[in-house]
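Have a look at these structures, which come just after this line.
Each of the next two complexes has chain A plus one other chain: chain B in the first, chain C in the second.
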Partner chain A sequence: MDFPQNMSMEEAFALAEAEAKLQQALNESRERFDQAALPDRLNEDWRFGRPHRHAAALAELFDTPSCGEARVLRAGECAVPVSAEDDDLRQTEMLMPTIGSDALLGLHLQQFGAGYALYIEEDTKEPIVLEYSTDSFYAPSTYIMVAPGVKAEIEERHTGNAAESALFATRNIHVAEGAQLRVSLRSSGFARHMSITNIQNLGGRVSHLTQHSSNAWTREETVAEIYAAGEGTETRLYSANRLTGSEVLDQHTRQVHHVGGAASDLLYKNVVDDSATAVFAGNIYVAPGAHHTDAYQSNRNMLLSEKATIHSLPGLEILADKVRCSHGSASAPMDEEQLFYLLSRGIPRQEALQLVAEGFLADATNRFYAAETND
Partner chain B sequence: MDESVESPFQLDTRGEFSFPENHKYDAGYGLTEATIDYICDAKGEPDWLREFRKEALRKFNEMPMPYHWAPEGIRNVDFDSFRYYLSHGTTPRKSWDEVPDEVKRTFERLGVPEQERAFLAGVDAQYDSETAYNNMREELSKQGVIFVNSTEGLKEYEHIFRPWFGKVIPVGDNKFSALNHAAFSGGSFIYVPKGVKLQQPLQAYFRINSANMGQFERTLIIADEGAEIMYMEGCTAPMYDSSTLHSGVVELVALKGAKIQYVTVQNWATNVYNLVIQRGLAMEDAEIRWIDCNLGSGLTMKYPAVVLQGRRARGEVVSISLAHDGQVQDTGARMIHAAPETTSNIVAKSISIGQGRASYRGEVTVLKGMQGCKNNTECDALLINAASRTDTYPAITVNGNASAVQHEASVSQVDEEMLFYLQQRGLTRAQAMSLAVNGFINDLVKEFPMEYSVELRRLIDLEMEDSIG
Partner chain C sequence: MSLIIRNLHARVKDGAEILNGINLEIPKGEVHAIMGPNGSGKSTLSKVLCGHPAYEITAGSVEMDGQDLLSMSVDERSRAGLFLAFQYPVEVPGVSNANFLRAALEARLPKGEEINVVDFYKQLRGRMKELGMDTKFTARAVNEGFSGGEKKRNDVLQMMMLEPTYAILDETDSGLDVDALRVVSDGVNAMRAPFRSFMVITHYKRLLDYIRPDVVHVLYKGKIVRTGGFELVDYIEAHGFDFVRNEEE
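Right, the complex of A and B next:
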């Protein structure tokens, strides 16, 4: 490799070493894709509702070219279309962690080249809006990089326009020290929607919200990696969904604390009606030596029909000391008292049900919007 | 925690002795059809059982190991390195005087005869593969209570035993269930007739004496309508260089209105793989409680389960586990709500010390169409050192909108301020730590029978004076 002229010996060594590490990681990743098999029933991360069938269907979709529309609103000059020739972005995607979907990520890489990269170096006045839509199959990548000390707000929307629309999105979110980011993902109208998200928090505050509606099948993998200590490092993950018909929502999360002294919080709420199914499998991982970590995880489900099903697997893996960590999962029918209160005020039953369900979900969305940015 | 503080706990080492091996029967290493023929011949078993065992062996060989979810250590289990049947003879003695000398001395050193006199209704003492001693108070047999080992149970009480044999835990349930069905020997068969309530507990004691032993006891407890029973089991083995395997199957059947409490204090040496399947079937208004304490063994995988099969049945698991350096305690509970208005409760507390790893793995399932089911799960973990590890892997499935399930878990450390306060009052750091840890598990220890809770406290207590200066 070429070194800049004015570089000292030490810097050159450090750079060479970093380069060697990166190459090694990339080689390992190549191996990972070579060895990965499509998810099957023995894959612990694809356990419920036979989702591996959807994995097989998604894999087949990758035989057709990715085809869809991407646009960015109010981004100014910070948005750049992703090009298949951009090696840096491709490498970022190669190193992305998945939750049991390495084989699918490998397929996504082969079609790499759609989507947007946002390099945010100034505070955003209004939310930047990123829209992906398709009437067939679309596989975009999104990169969000927020510079040190910058406040940003981003809304990402995925829309399916036809009955068989499918979308497979990868999302890399990079939050620098002192940065504040509020980012939401909304998807609707897909036969199959899958997103793999990697949040790297290097010392900022990031709030992340997902909301899915009218998708027959949705799979969400969100890995938040925390690399910086200190009170200013906060990672908040929220989700609020209302499932009807025979919709299936399969959500998987990891809160990975590589270093200690940081906080993370997760609140995933679902209202499950008709014969819909909600799966939540979360994990908090506190690495050896990541002492003084504060990590919380909570999954709450409201079941509205006798055919509704939920699976909840809130996991913890703690390898450090002086950790404050807790998780909870609760699943219950609608609170009759709340309903009764509304009925006794003369509100029709259907409307009352709607209100209680909305109130239940608003807990998560309100917390997301209360997260401080752009005051 | 200050790194200089050593583990405040000492393992109970009373089981740390062994006698020379002296077997009348030895089926050798590995499990094949020939091994099964050997076991059947030694025990004089009927042909149906021989076929049954061989069918189970075929299933065992076909089934995969649970590598995709089990702790790493399970990869080291080598089924060919174990000896599948070792015994002095197949007839249990009814009096300690008739028990072979070294076996008697073993149980005397472990205090079993004393406990029997003091507070037990009956004792079954298993030495390697077979029961060495089995006795029960006479008045209980007059009431129709049956308490024998599994071999005798199948021989003498086939009409009660066989209909329930392998019904709660079927052969093909998992690889270790198939293994036990193929090689089982020892364990208890208990039948408590309608309405009989045992005032004192029955006790089983499992002892592995020989190196490379595989112990596959099989226990079936049937409590008829309205009956009540408490059963306790204790386990020890000496430490050998090579590993030993303990893979028991325990089936409980609580018929209408019956109540079964099953207490385990497991203190195997750390070279023992403790892979046990325990499951109970609770019919209408019945109650099953598993009270489970895991202190020993290098790798424990044990998830006591209750299938709530009858309306208003109740299940409970109370679990304490302690993982020292090099130990993996993968314990938990399973509750299957298969009838309406069933309730269950799980309370699990684990302590990880040094490099120990304690995991909670649990399953709560409310099946389709069940109304008014309730489950509450709490699991708390205490980490003593910086290198300790704790994991929680619950899996909850709820069908329908008429049940409530909640799970809560927390991880914490011993509060430095509390230690400081106690040390300031003149306690050593170790004593303070001991007090804190006993406080953490105090409410669960109370669930154990009196004699055991004293024992437990002693086991978990710090004998700090010796460990740090």
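Right, the complex of A and C next:
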């Protein structure tokens, strides 16, 4: 190891220690990658998500360093760039639960050191806007920590600038007691987009929205963990997507109720056109003893083409009593009467289709924006 | 210039015939009332005229101001001046009333032109006031969660905004309270003009007392079986439709 010339003994030790720690972390993530299986079609969490074509290709991208740009477009005084030396953040990422992507997370950890951490200790007056963009491959990490009683709004955008752009993001979101957070993720323009999100609700209100558009392949894993009960705590997960061409959207969610007496709600909606494919696999997990849980989960799809495919697999795992849970899924073509109504007012067919489809998705986005973040 | 329906036959796709040879001419400037028992085909006639995909036309023709109506698409018919206020207006979740109307109006402009938003809202609010509608309805999704009467009013609002030449009102009076009935009728009457005509479908004299028809038709089993003046309305109000049923047998 080379030390700079005029460095004190202590400084040299500290540096050596940091480097050793980093090396250890790298080894651990390497191990993790080696031990966990890469996604394949026999893996229940990947069955319909084209792992043979996309997850494998994504894994290969880690052979080259990730390269992209992270920017705070608005109101980001509290934003700190994530650095490879930040051991706490790295540890947090290491502990993230995945839904079938442990191996891929191991790869992500080896390139750890891009993205932003937001430590929000005051109410945001306008939404904080973060953007990650790349024309090759980028692997950023986002950390959002909202302090007790603080109200925040965040928009995270992922933009692919070239035909082969790929992005793999991890997102850790901590909402403290009494905090209120509305956070969205919008991705567009990628050949491959993958995100693993972990929301930890420690007694606040959080609304999360994802919107993916114009990505050839999108894999989303969103796990919300609820650690506190009471009237003031609530976790809402929304998604609204329009798929065209041969796009594939593969979404996996978990609502994990560690304690009883809390509410969670999920509404994922897709409009699926052409020969596109939408996969939704959701799970509500109510831990032993988490009585009086109130959890909902709904996946709704509008099919605009006979060649479009939907795989909808909502699920429940309830290990407590006096629980109110429901899950449902529905997929149907566009309502003929609605379309006729618009046409009968002179609105041309293409535009009418567009309006009805947008209206269908607006249900999810409206609920996201209507979600209380006040009082 | 008029709307001319000749020997129109239509059925539900792969089903029984519902319209059995309708002949009807509505010249511009006139109001024609259509009455008839439940299930006689009044709504079917109005939807067939608009081009509803559930129905198949097996014979006949319809001419609107010299154009072959049946060869036009649903949206073309509307832009050419046809309008139907539905018996059961449809809910369109997530599409606001204002955006919906804007799209409908913009579709009538030459390609690329947009409507003036300020004028649009001014006109919209004015019309809503005429109809006694709260302006908060502009932001609400089309008919979603509207009461029965609110839906009917909303359809009439659309008619006022789109200013059609041939307007069909399918039981617009059903579901309206006494005051709303007057307000809506006043709105329709204000639109009566030499260049516009109305086909008013109703079961009740009350509406036709407000909107006085020039001609009254009775539709029965998919056919116009009687045509006359207001005396026909009085007769039906007093005696019902037994006279047409008896004649048919």
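Simple rule for what comes next: the second predicted complex is superposed on the first by the 334 of 375 C-alpha atoms of A that agree within 3 Å, B and C clash if a C-alpha of one lies under 4 Å from a C-alpha of the other, contacts with A are read in each partner's own complex, and residues count from 1 in each chain.
Here is the rule we use: a residue touches a chain if its C-beta (ideal position, glycine included) is under 8 Å from a C-beta of that chain, and two chains touch if they have at least 3 such contacts.
Note that this is a predicted model, so its numbers are computed, not measured.
Enquirer: Following the superposition defined at the top, how do chain B and chain C come out on chain A, clash or fit?
Expert: fit
Enquirer: Return the chain, chain B or chain C, that is in touch with more residues of chain A.
Expert: B
Enquirer: Just to be sure I read the superposition right, which of the two partners does A:Leu304 touch: chain B = first, chain C = second, or both, or neither?
Expert: A:Leu304: touches chain B, not chain C.
Enquirer: Could you look at A:Gln110 and tell me whether it touches chain B, chain C, both or neither (first, second, both, neither)?
Expert: Neither partner.
Enquirer: With the two structures laid over each other on chain A, which partner does A:Gln24 touch: chain B (first), chain C (second), both, or neither?
Expert: A:Gln24 sits against neither chain B nor chain C.
Enquirer: By the touch definition at the top of the document, which applies to A:Gln35: first (chain B), second (chain C), both, or neither?
Expert: In the superposition, A:Gln35 contacts neither chain B nor chain C.
Enquirer: Between chain B (first) and chain C (second), which, if any, makes contact with A:Thr64: first, second, both or neither?
Expert: So A:Thr64 meets neither chain B nor chain C here.
Enquirer: With both complexes overlaid on chain A, does A:Asn161 touch chain B (first), chain C (second), both or neither?
Expert: neither
Enquirer: A:Leu313 in the overlay: touching chain B, chain C, both, or neither? Say first, second, both or neither.
Expert: The first partner, chain B, only.
Enquirer: Mind working out whether A:Asp363 is in touch with chain B, chain C, both or neither, as first, second, both or neither?
Expert: Only chain C is touched by A:Asp363; chain B is not.
Enquirer: In Å, how small is the closest CA gap from chain B to chain C once the two complexes are overlaid?
Expert: The answer is 15 Å, the least C-alpha separation in the overlay.
Enquirer: Of all residues in chain C, which touch chain A in the complex?
Expert: Those in contact with chain A are residues 50-54, 73-75, 77-79, 84, 86, 89-95, 99-101, 103-104, 107-108, 141-142, 158, 162.
Enquirer: Which residues of chain A touch chain B in their complex?
Expert: Per the stated touch rule, the residues are 42-44, 48, 288-289, 291, 301, 303-334.
Enquirer: Which residues of chain B touch chain A once you look at their complex with the stated criterion?
Expert: Contact set of chain B toward chain A: 1, 68-69, 368-369, 381, 383, 385-413.
Enquirer: So in the complex, which bits of chain A are touching chain C?
Expert: 336-338, 340-349, 351-352, 355-356, 358-363, 366
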